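Below, subunit A partners subunit B and then partners subunit C, in two separate complexes.
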Partner chain A sequence: MRAHRACLAIIVAILVLGAGSAAAKHRPNNEVVMGGAISQTGQYAEPAGRQVNSIKLWVDEVNARGGLLGHKVVARLLDDKSDTQTAIKLYEKLITEDKVDLLLAPYSSGITEAVANVNERYKMPFVAYGAASSPIWEKNRKYIFNIVAVAEDYQKGAVHLAKQIGVKTIAIIGQDSLFPRQAGKGAKEWAKKLGINVVLEENYPPKQTDFTALLQKIKAAGAEGLISNSYFADAAAQLRQMRELNVNFKLYSSTVGPGLPNFPEQLGNTAEYVLGFSQWEPLPQILKHPGMKEYIEAYEKRFNEKPNYHAGGAYGSLLVTEAAIKKAGSFDNEKLREALATLDITTTFGRYKVDAKGMNSHEGLTFQILRGQRKVVWPDKFAETKAELPMPEWSKR
Partner chain B sequence: MATHEHVRNVLLLAALAVVLAVLPPALSVYLKSFVMFTMMYVVLALSWNIISGFTGYTSFGHVAFYGIGAYTCAVLVADHGWHWISTLVVAAALAVVVAVAIGYPVLRLKGPYFAIAMLGTAEGTRVVVTVWDSLTHGGLGISFPSVENSLETYYAMLVVMLMTILVAYIVGHSRFGIRLNAIREDEGAAEVLGINATAYKLAAFALSAMFPAVAGGIQAYKVLYIDPPSVFFVQITIAMALMSMLGGKGTVIGPVVGAVLLYSAQELTWVNFPTAHLIAYGLFIIVIARFMPRGLIGFAIDRGWVRKGMVH
Partner chain C sequence: MEKSDVRSLYLLAAFLVCAYSLPFLIGIQFGTVRADEQWFAYLATVVFAGILQGGVYAMFAVGLTLIFGVMRIINAAHGEMVMMGAYLTWVAFFYLGVDPLLALVFTLPIAFLLGVALQKVLLNAVVGQPELTALLVTFGLGLTMIYVAELIFTTDFRTIPYAPQTVQVTRTIAVGQNKLISFVMAVSISAAVYLFLKFSRLGKAIRATALNAEVAMVCGINVQRIYLVTTGIAVALAVAGGALVSIQFGFNPETGVVYTLQAFAIVILGGRGHYVGALIGGLMLAVLENLVSLMIPNGTAAVELAAYGLMIFVLLIRPGGLMGVKEA
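Our next item is the complex of A and B:
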């Protein structure tokens, strides 16, 4: 039974190798390791990659200004392949084997929801810049802190704008997954508060690209405005098909798609007047958060593009963490947790001050694509220009 | 194969069981998870091999059973307060029912219909789970109450893996297994010899559906949060097929070796080369396909390193 024996030997060898590498991890005292598994491949690679950019930038900057409490920061970034199972396993590795001192957050609400069980168990806090789904904070967790606006508020601006232009009926559609459904729930609540009638609500399966039947149904239901909790491909398909079918709405708003840089490029004229949501924009003269200008310049110099809100959120979270460690005066998890729970600070990303559940009340921005550019149109205090609504009919473009 | 060889094989399996059973205290939580997931892939690859390796009916949608198991466990634990272990029995039963329901019409046909039907089954199951909101919470996914579970899931997976290996071994060495091989080699000839091909294929399919569902249930409890895209993940089916092919499709030991090697190789590359692991993985597959089309075990048999029949 040579093959059986060989197989057994291989298994044992792998286990021994693994155990050996686990025991060999020691680091000099002047280093502090910050570890996280962030999607560098798979479906989330693009937004998560921008967060990785910000992490790298911050690590170099913090080391240039003397590190954290005099320690040099070393980032240990692993790739979860956009897969939940891999993510939890890698966080277990970072915590129990690599024994990292601080944790970085993963990307996406779903993966964060799973990872939140792991870091909670080992009482290691982090600021979750990659998750906007509020149920994560409804489970009495103590070691995860929110910084970005939650999904429920992604359509807040669009619904307010609908109210301003006198829209009385809207339809809410969205992809059937965690984040878009939360956004839909929030949109419905805002509509109710503002007295707008929701005439149709429907979730479609991920990857759906044919919306002709759904669009006809929405029109037949008498919706004046369309709130779409969508990503890139579905939002693009909806707009193209609206144009083909000559279905007109006074307002169309999508959660994620229009915020991506290539959306107006790919859709051209069809993307005009579309509303979208952004957690943050690289507009220091309008948002006026401290340090924004320097951050944007440094980011642009290094990565040849302006930071988007994913990058901005990660960078702001790291500044929050840095401030919390200073306040705590140590890397002790409990002290750091306490500091993150009580800190009140305004960073490049905006104000951070969490409530008892660990939730921040970050204010997002609603923008409109006008002449190929994203222009902030809501809330009024941050508006670059006035929203051009209702959208002109397709036949008049 | 002589009786003493069977005895020796069973003793080897028992030795493996003992080693894996006493190992956990020496392992970090991460290594426990790593070994647990490795054992899970052994279960998946071996199960896939029963219908696709022994019987020759390639399944492109085995992840459906894994997903059904994961959802059975999640719904019963999170919404109905069951103990997670007891849900695994329901998961296995449900997978068998689904397998028979799909297999009964489709496996009566010869040829590629089964492969296509399974492709549809996996997608269809994912859509049903996504749309059946009242039962599965649709796209919101299901969260379990948080608990430290690496030890219990480790032992559960160990038991399931041993059962799977034992079943695959028995099938591989029984008259039943030989008839499955006959169907694979020439289904018409097998029928002429009086083998009820449909019944045999159906039995093999039901058997191959059962353990992936149990593995899916255990992994759902391990991860503590599932949603349709994460459990009906096409790559899981691909992994089952690749691991079997790497080790040696149609043998008992092949998928075990393939799963252990491929999963470990993946882990080493993505931990150490986070951005290059897909390239390394791709090269690995190309090398296997080019130089070892019959897998590692086939490669070894062809060169006379292992005696044919001994490793089946």
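Our next item is the complex of A and C:
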């Protein structure tokens, strides 16, 4: 009987110690909880929803592989309603009340920027698949890691293409908010590096619908190409009005709008030849990242559509997190942070290796809408087809 | 005309000359104004586009001014009614395959009936109450309309690809087909409403009620019926405005707010309750907006500043607005 008790004591001690090192001592059933607030309603619901899809897919897959360090992964997903204040509250709750073991990232640069202060305070790291604004990583934060290409590089391909076709002058316009402004800053720097003259820079209010005067101004300034840091509504309005006013540019590139599936649908052939940016495309034969084909097949089977770049980024981030935990050998926040900071791995999304600031140098793709389809045209090594530039004049379409 | 009235007119003229030459002066300062033929073509395009735009704005501003003139109700949901018109047209176009202008044949009667219902259910209760009560009620109505639209249509932006081609007015001035069509429609509809108010029996009764409801009642005018017709026409004008806006610009449930503000600025500029004033106000505002955007560096962001600045100064000089009479 005494021997039994000693035995039990030893087993308990081992369990407590073992679980202690895994920081999951309060969980029954050998589970680890991965928690995050991500927009399931509100203005970000559409892109963020795609990320939720990937999270669900990964959780099932990782559990089928035997979980994380032998623990079953349980996702705890809350809805921040696309609202920054709600996101902050929910992350506080996840960390202090629910005591989750690992954090998932929120969606959008603005919300991530706010949440980054919370996880920084509690020293819990995560890979920010939903944020592309570099100022987030310029505040000496240690617990947030970047994976996607930053706003400054959204127009990199467009400016390179402008150079290729001999454009000497461009105008850079954009909505007056954080992300488009950063994209504009980056575009200007790339133009400077490549020797292209920026003849006009202008930001317009988010509610602007009439671009008649601005387009005339851009023409008057002598711009051959137009770099527009815009979302759906403004990019659509600019293109329609370019056509109405018979204003022709050799190249037109928008950051976000053309990447949305209904853009060519709603604009018809006015959307043709437009350049846009994508973090990733479900093109395994071209990008050749390991595991892409399997991921795309599994995603398509479950959600009846191909994953877009939001889904691809979230999935890649989770693979990075999985590898980091394996490397750290524990759920300890400091060890995980260290692993995320030093890891060098290529996932379905591409290579992940961050610099001292925690920023990855992910290479994005520039595509062109051709005959209603998005086709990658830059960088050359990933190009599906050659860019059809300069854009034909409206009167010749 | 009183002496002070004449003086305020002179002051106003001087102010307007300053307001419209300011963009040019700033443009010259920054080198965005040039004196070659090509630049004048840009200028002409912009002014022309402003006039076309102003015509459409004026049309839905007339609806706002009508309700205010007759019932002293400030309709804060007017922009949402414009938005409703845009969605009605969108549904007709994408689901029923009806031409956006042809759709007016049935959307306008629907809008008129909605207006009548609105008057019966909601506005009759606030006629004669303090203006703030009406403002709050219509503000609430506007918010409700926004959220209902979000429930049905989500917050996605919609556009109607209608008549996207260009019309070459002269060798150097081009304008969108849809803008030209919208302007012609807006002017015809506004003119029809103007003639109706001026010459028809019912129109005269509406104007009489606007002048003095009690006297009108004594003269045998059924004021309750006038109220119904007025709101019906106003809502129909807003919905027609929505149809014309929808073929030019993208919209979502929240765009109505912008149109409410625009209509307010136009009405205040032109003179509350004054129909021709609304037309002039609409043209003035749209042209000034375009001039500021064209010539001032980063001017697109300064457009609203210019628009509401203009409104405030006109109010300071002539509290009744451009065409308004001095209020007792």
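Side notes on the structure shown:
Just so we're on the same page, the second predicted complex is superposed on the first by the 369 of 397 C-alpha atoms of A that agree within 3 Å, B and C clash if a C-alpha of one lies under 4 Å from a C-alpha of the other, contacts with A are read in each partner's own complex, and residues count from 1 in each chain.
The working rule: a residue touches a chain if its C-beta (ideal position, glycine included) is under 8 Å from a C-beta of that chain, and two chains touch if they have at least 3 such contacts.
Predicted model only: the values in this text are computed from it and were never measured.
By the touch criterion defined above, A:D176 lies against subunit B and subunit C together after alignment on the C-alpha atoms of chain A.
Looking at the shared chain after the overlay, A:D79 reaches subunit B, while subunit C stays out of its contact range. By the touch criterion defined above, A:P106 lies against neither subunit B nor subunit C after alignment on the C-alpha atoms of chain A.
Of the two partner chains placed by superposition, only subunit C is touched by A:A237; subunit B is not.
In the superposed model, A:E202 lies in contact with subunit C only, and not with subunit B.
Contact with subunit B, but none with subunit C, is seen for A:R121 once the two complexes are overlaid on the shared chain. A count of residues in subunit A touched by subunit B and by subunit C gives the higher number to B. Using the contact criterion defined above for the overlaid structures, shared-chain residue A:K89 touches subunit B, although it does not reach subunit C. Comparing the two interfaces of subunit A, the one with subunit B and the one with subunit C have residues 176, 203, 205 in common.
In the complex of the two chains, the subunit A residues touching subunit B come out as 1-5, 7-8, 10-12, 14-15, 18-19, 22, 40-41, 77-79, 81, 83-86, 88-90, 92-93, 95-97, 110, 113-114, 117, 120-121, 135, 139, 175-178, 180-181, 203, 205-206. Residue ranges of subunit C in contact with subunit A, taken from their complex: 32, 34, 38-39, 42-43, 45-46, 49-50, 53, 155-159, 161, 164-166, 168, 174-179, 249-250, 252, 255, 258, 289-295, 297-301, 303-304. Those residues of subunit A that touch subunit C in the shared complex are 43, 176, 201-205, 207-214, 216-217, 219-221, 232-233, 236-237, 240-241, 243-246, 262, 266-268, 270, 394-395. Remark: subunit B residues 5, 8-9, 12, 15-16, 19, 23, 26-31, 33-35, 37, 127, 130-131, 138-141, 143, 146, 148, 150, 219, 222-230, 233, 235, 253, 256-257, 260-261, 264, 270-271, 274-275, 277-278, 297, 300, 305-306, 310-311 touch subunit A in the complex.
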